[in-house]
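First chain A sits with chain B, and in the next complex the same chain sits with chain C.
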Partner chain A sequence: MKLSYLYGWSVLLLFLLGVTVPVMAGEPEEKIKQTTDKILSILTDPALKSPSKEGERRKLIRSAVDERFDWEEMARRSLATHWAKRTPEEKKEFVHLFADLLEQVYMSKVEGYSGEKVRYEGERVDGDYAVVKVKIVTKKNRDIPVEYRLKKERGDWFVYDVSIEGVSLVNNYRIQFNSIISRSSYENLVKRLREKAELR
Partner chain B sequence: MDEILRPKGSKTMKILVWISIFLIICLSLLSRPSFAEDQTSSSSPRASVFISSSGEPILVAVENRPIQSAESEESVETIADPLEPVNRAFFRFNDKLYFWVLKPIATGYKTIIPEDGRIGVRNFFSNVTTPVRLVNCLLQAKFKGAGNETVRFVVNTILGLAGLFDPAKKYFEIEKQEADFGQTLGIWGMGPVFYIDLPILGPSSLRDGLGYAVDVSLDFRTYLAIYSTIAAYANAGGWVLDKVNETSLTIGEYENLKKAALDPYIALREAYHQNRQSKIRER
Partner chain C sequence: MKKFDLELTVGLFIIVGVICLGYLSIKLGKMEVVGEKGYEVYAVFSNTGGLKIGSSIDIAGVDVGRVKSVTLDNYEARVVLILPNSLKIQEDAIASIKTKGLIGEKYIEITPGGSEKLIQPGGRIRETQPAIDLEDLISKFVFGKI
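Then we have the complex of A and B:
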């Protein structure tokens, strides 16, 4: 008889826990969601729909992406062993060129958004590193698995690699850059990056 | 049982083909080439617990690599490419073929057939190749996948009008299980050996090329074509339709790869390789 009130409390507690746990997505996933939602709201904003607003739209998208993506980390990893040999000015220039190259790439994809849904499939946290798995559901009966790799810096989570259908962006560029540098030189790589930026 | 009449010569041919494939597989398994692999041999296997978005912990199969494996200074796993000059030539050929032939035809096709129809065609061809995926799932001991493929085939053929629709996915949420013999060989331990960029067919590898040959022998359409000339023509026509249809649904992807890359040949090669490796890793 005496234990009945204890039983009541524990059931209540369990119920509360049961309610809170499903709602709790981990921090890295939350961060990805925030950035994705921000970009989607820019894309679906009626005030920014007109072609004349394209420049402003791109700027807003770029700044949303800059908040979450650690370009320096990505650039460093894609240069790999060649990074250490660079001077600070070269490093700065390279990060800038790399970020611009990627902006060209994702901007056209982002602008081509036509209502695809994003399904969050879970995350894995390993100390200061995390992987967030996402599926982009297209209308063409094909789902695209995307993985974000994040690193915790200064208390916030930043993306340092994106894998689309198992293909890591950083690895892909790493092999390309390595091939160009070993065949010609780092200067040639920079030249080609600049040429590509000019083709915009 | 009535004896099935078949031309005598082809039986010997078939046996020879199977023996040679078997020998090549054995040789490749015995002499695994080692290229710049980033095996994180130092880390012991660990089980990782994914928290799905609904909050339930899902125990994923034992993962060998900690998240930031080999991402800093070690060399990245890449595919051997001893045939690079030949591959680059075929890459250029395929590039021209795409822009001069395939893309224009696919663009015309796209304007005639609405997207839903083209998705239907895609679904149809996917349904027809179920036996290939089913057998490979079994060979890979993916019994759930094999079960899924069986259910998908039955549901989509009956409810989905001979496979034009995909009610199995839409209403029952049973997803397609991709499986081919190249992947099976990879799971059994065979490396890609080296990269081959095939004319028309596109990126492949020695292993995946062999896998494709085996998959062709698992496809019932092949046997129809051997015994009937009409079926052979239908197959060829079907193959072209499938290719054009698929291109019409993915116009822009190759262009994006070229736009994003400094060296599109390497970008394609490594994308192919990494995609295959990830398909083998996901158990």
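Then we have the complex of A and C:
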């Protein structure tokens, strides 16, 4: 009698686990959607349209991106073989400089948003890693395929790479950083990133 | 008797020649470009652009390995690479398919990553970049979509 009772409970438990798994499957895509929607709402907010509101608008967009992008992971992957040699302070500084670099490079592109549609083309989850495929449809009806690569950390999904038309952002900076460091030095790379940040 | 000797010599010569040829083709067939002992890893690409078995694998422009096989797996390309045992590939290394020149043969370029974890024999290079289809890109930016 006791055994069948246990059996019944374990079947129920397994059933519940089975039911919850499909709900979890959409998570990375959901997270990307949330962040994208947040940024789009900032971009289309009439109260933030005026040029005087630029600073505030950028801050809001940056904090929305900060929630979803794992800057440290991206910086480590971009610095690649040169990361391990850095001191903890250097690493911290580099992560900041990297995030600011990307903000500088891409903020103006993001702000140039003029009604492009975002289509979600599915996701693939492989353990703690996921790829979310998105298509940005431009005004001229061109499809730009974008892939977000996410990693599950502390129960949430964070982006560690973005590919546009099959070209990886991390790989792009990895090659450039490596080239600069091998031709001059890490200090020179940092100097260049600092100079760029000052131009903001 | 003399004729028999001549035929025997010619026959032996041919047999030795064929054995040498066989040895040579087996040795070359194993693609000893790796030189030392190697290990296999695999990577999945959405488009190989025509990468062939035996295509080279480069790191920093140096030829380090060979493509062992290219098969279709769930409508994607599963490429098996042979790398020398002395070459360690980090977990976040990126494998991209590039072209020699602009329209030449395809090869794989691996950019080393920053992770302390290494990809084990039989493991997978997770981060990949597909071959860029130049014609698709041109048509997209010239003509747009209907």
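We adopt the following convention: the second predicted complex is superposed on the first by the 175 of 200 C-alpha atoms of A that agree within 3 Å, B and C clash if a C-alpha of one lies under 4 Å from a C-alpha of the other, contacts with A are read in each partner's own complex, and residues count from 1 in each chain.
Following the convention adopted for this analysis, a residue touches a chain if its C-beta (ideal position, glycine included) is under 8 Å from a C-beta of that chain, and two chains touch if they have at least 3 such contacts.
Quick caveat, the model's predicted, so the values are computed rather than measured.
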item	value
Overlay on chain A: chain C relative to chain B, clash or fit	clash
Contacts of A:L79 with chain B and chain C, given as first, second, both or neither	second
Which of chain B and chain C A:E165 touches, first, second, both or neither	both
Partner chain(s) touched by A:R149 [first = chain B, second = chain C, both, neither]	both
Most chain A residues touched (candidates chain B, chain C)	B
Touching partner for A:Q176 - first (chain B), second (chain C), both, neither	first
Segment of chain B intruding into chain C (one of 96-104, 150-158 or 204-212)	204-212
Touching both chain B and chain C, residues of chain A	77, 80-81, 129, 140-141, 143, 149, 161, 163, 165-168, 170-171, 174-175
Touching residues (chain side chain C, partner chain A) in the complex	46-47, 90, 92, 94, 96, 111-116, 126-127, 129-130, 132, 137, 140-141, 144-146
Chain A - residues contacting chain C, complex	76-84, 129, 140-143, 149, 161, 163, 165-168, 170-171, 174-175, 178
Contact set on chain A toward chain B in their complex	21-26, 29, 77, 80-81, 101-102, 104-105, 108-109, 112, 120-124, 126, 129-131, 133, 139-141, 143, 149, 151, 161, 163, 165-168, 170-177, 179-180, 189, 192-193, 196
Touching residues on chain B, where the partner in the complex is chain A	48-56, 58, 60, 66-68, 71-73, 76, 78, 115, 119, 122-123, 166, 169, 175, 249, 252, 256, 259-263, 266-267, 270-271, 274-275, 277-279, 281-282
